[in-house]
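Chain nomenclature is as follows: A, B, C and D, assigned in order of appearance, with residue numbering initiated at 1 for each chain independently.
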């Protein structure tokens, strides 16, 4: 059984079906990519799956449990985490603190202990900070640990969001355009990172415009167009699917995808 | 040096040092009283700053909690001969419960809508205090019986200076503890991005209510202290203008700065005392200085000066 | 640490000594304090009170002062806020070193200050209305204005004489209105008068027609009382005429100032209220023993400020004069001695009436101090 | 029925003033995101300046015009001297600046004018007009008609003139407005001037009924703000409906329920509405974009 399965999910804004009867499932240890032209409904789909929007129709199952329209924090408790296309970083906190927030569910949450700074809380703080530092090293941001997020460069913030999401030790991780705005070196680092995350046993769902990245790292690819599923399959199948080529990839995209896979 | 200042306990220690040092410098019990008023306001402002500066939720009704705390130590001893300390405790408890009950629906609102809802809520409390004269003495207020501790009548400006100063240090200590804890991180997170906080597993509604309750308890304790210091309470402690004054103290001192809370309280308590010499120009000058401070130090006194200081060093 | 402490303590002592030196050079003046609601919702009390005190302290000083010394008046504006008043009271006692205190415009501010002066043993003459200030009697606390209970009694006496038995009340929810409403409801029974409608309005409300509409429709209504001060009663009076309510309207001593007539305009015609003789100074018969005092104060105040006289300023005049005479009798500026002499005040002719204080009466006015006035042709007229 | 009508008229008259204050809030808020807590002081300046000018012998219409001009100058000064220098500061900082400005203006009014209450003669007499058993002051019609004319004039201005459209464009998207060449700083300053004029007119119209003094602004700002929120911040129609609704709620609350708790009744209704409609009556449900 799939760790994440989405069935016939849909939402409309002012009469426009932004996402229309989309179904897919993601597997542990694999990278599942969602591609499509701008406005295809990729981010909206993420928002539906992660509980930010309430779907009009359809179902989301996480680890076999029906979780449709649950609050994002309830989904987080069940092991779903995500990053955002438009950065949602805690700008008034340092990089380390940002990642520590990701540890929230793993931390003890007794208010009285927090108010009185009992030894358990101080120990907790140290523990979270250590884990945060490890994760920052993993995404290559160790040097920024004490820097305020507001003074970090854009590319670094993308990876900071990934570190924060990883801090929750998710079973399913939704990454919304993690390489957008990153230079080729950074993109390559992110690609490697995505692979290792999947290899650690996380189901990664990826929305990305960088076809090279998608084709190289994905186990399966879903193509969305105008809120609907156009095709789904392995990268090679997608690349050769005439509907996809016609509607989305075009000749340029095909060439690029070919280059990437060769 | 830097590490010393960034330590969690630096701020409460600085405040404690200030309380001790000032006690030597202040020449008469009038000055001690003004200082005690600063400590009391600062205590309420720290609580409000946790709500506004850290969690990003505005409240224009906090004087309501302040007033409830003040009236608790006036009414409960008078009606049920409760000891003032227990009355203050009861007041804090009641404020906490009320904040808990109204927090969830009110804190669903955002920005200016939250402002007007808390404003309305504060006005309801102030109206009830002012109108239910059978209990509260009405607009003319009611006396507060002097507190006795182990047979010793607590009185005198100097005694209250130390009691309120001590309360402030404890309040600041608890506040810095909170800010540095998982709860504090959750609050600061939801201030910057509610959606990211929720995705990180934070029950945003619940944490907002938590900090609302905490800040209500701070206000209540501050209100109880003021009533005990004054030996008399009037409904003005609960009214809308006092709420605005508390918010102004938060912003002038600096949102998200515990030390700033003390600075903001000090400015707005001491300034009117200094301006009395200007008689009819007093209010003009007060308004003018508020505007100038906010234009020049737009992030509030402490954060703006800290930033300036750091830039200098670089 | 102990060294540091003695060192700092020494510095503080020096500073303190320097401050005392500062006050010592001014010991040839007698310091009198006042904390008044010069601004804020009760400013129509505090404003004339402050002007009166300043005016008369100047006058007294020009005439040679008291006991050969000049008076020094220190006025703070507490905005009617009890907490501010308390702070200023402490400041006046501790920092300014006053020997006596006049003022406290509102009851709340007064009650907050009482403990300061009782603790410090400094005589305190309040200018606020409520009876709680002097009942129970507090050693150092006095007051000059009539109590609201007396105003109620005066009004009810007048009503009874006119055969009025069913009345409506519309009271302000400020301290004054609320307190007077309570006092009136307390004594109304003993006059055989029944309250058939009881409405209130907020101190800053600008329209009272809904409340008055309800009062108008009350069964058997014969008159209406409006306890309150500030602009509220003026609006009530205008709305009263707007709705065409025909039964007599009684205002309280809280509106006893010409500005009420100006604000209410034609609507004020026929309104009755209990007030001190001050408002009708010129109309008093020459035989009236109060005439000289009230006419003198009225003329002086209106000349100096260009504003119409009000009874509130008169209370400040009474307070200051009672204090000055007590100081003269005591022949010293020892606060305890002054207190004793204030308590012995008897036969003092003030703007509010004859004051006869005693150990258990720190007000010393009786019902005869009130006159029943009616507004006729835009001016006050004596009813009796 | 007569009672109901009386309460209606009372509520609408007071509500019209709240509506105009709320409208002033809305215009400035839309142009600059500033919630101007000195809005009530414009009402005060309008009333007080007219009172003192007429007392000095200036004919009422001329006095009113000068008073409106004075308020506009104050509005412009507020923008140029206090808001503009703090450009880029956080909204809460700007709000505290406007609170400082309102304290300053109240202090100034104490010195320039005085601390007494004042009235103006009604524009067309004090004889109430009897209508369906209710007694209505002629001045109430002045207030209602004045408010109506202001609303119509604003509507025409925003929809028919280039400057009006520039203000709307700035309200919709400041950056885009700047990109198409609109001087947004001028627009913000202009919005302060317009709001000041609206406030001053309200103050002049209502002074014969409600009286005026140096410190009436606080309460009006409070009620106007609540009204603007009830209607939905940034929505001019919402401001008007919100203002009238608060006025009516107070009148009906005082008339039918409890005069002591009439303000409480208004706020309870506002709280109730916001719990159900978190964006006010006319607020749009916003979709979070992430």
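As a working rule, a residue touches a chain if its C-beta (ideal position, glycine included) is under 8 Å from a C-beta of that chain, and two chains touch if they have at least 3 such contacts.
Predicted model only: the values in this text are computed from it and were never measured.
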item: Smallest number of contact steps required from subunit B to reach subunit D; value: 1
item: Label of the chain whose CA centroid is most distant from the centroid of subunit A; value: C
item: Central chain (by mean CA position); value: B
item: Chain centre separation (subunit B, subunit C; CA means) in Å; value: 34
item: Intercentroid distance (Cα basis), subunit B paired with subunit A, Å; value: 41
item: CA centroid of subunit A to CA centroid of subunit C, Å; value: 72
item: Of all residues in subunit B, the ones touching two or more other chains; value: 131, 195, 282-283
item: Contacts with 2+ other chains: residues of subunit C; value: 39, 173
item: Where subunit A touches two or more other chains at once, by residue number; value: 52, 84, 88
item: Touching residues (chain side subunit B, partner subunit D) in the complex; value: 52, 58, 105-106, 108-110, 112-113, 115-117, 119-121, 123-124, 127-128, 131, 195, 240-241, 244, 247-248, 251-252, 255, 280-291, 294-295, 298-300
item: Sites on subunit B touched by subunit C in the complex; value: 21, 24-31, 33-34, 37, 130-131, 133, 138-141, 143, 155, 157, 226, 230-234, 236-237, 272-273, 276, 279, 282-283
item: For the subunit C and subunit B complex, residues of the former touching the latter; value: 5, 8-9, 11-12, 15-16, 19, 39, 76-77, 81-84, 86-87, 90-91, 93-95, 106-109, 111-112, 114-115, 119, 130, 132, 173-175, 178-179, 182
item: Residues of subunit A touching subunit B in the complex; value: 50-52, 71-73, 76-77, 81-82, 84, 88-93, 97, 100-105, 107-109, 111, 113-117, 121, 124-125, 128, 161, 164-165, 167-168
item: Of all residues in subunit B, those that touch subunit A in their complex; value: 8, 174, 177-178, 180-186, 188-189, 191-193, 195-204, 210, 214, 256
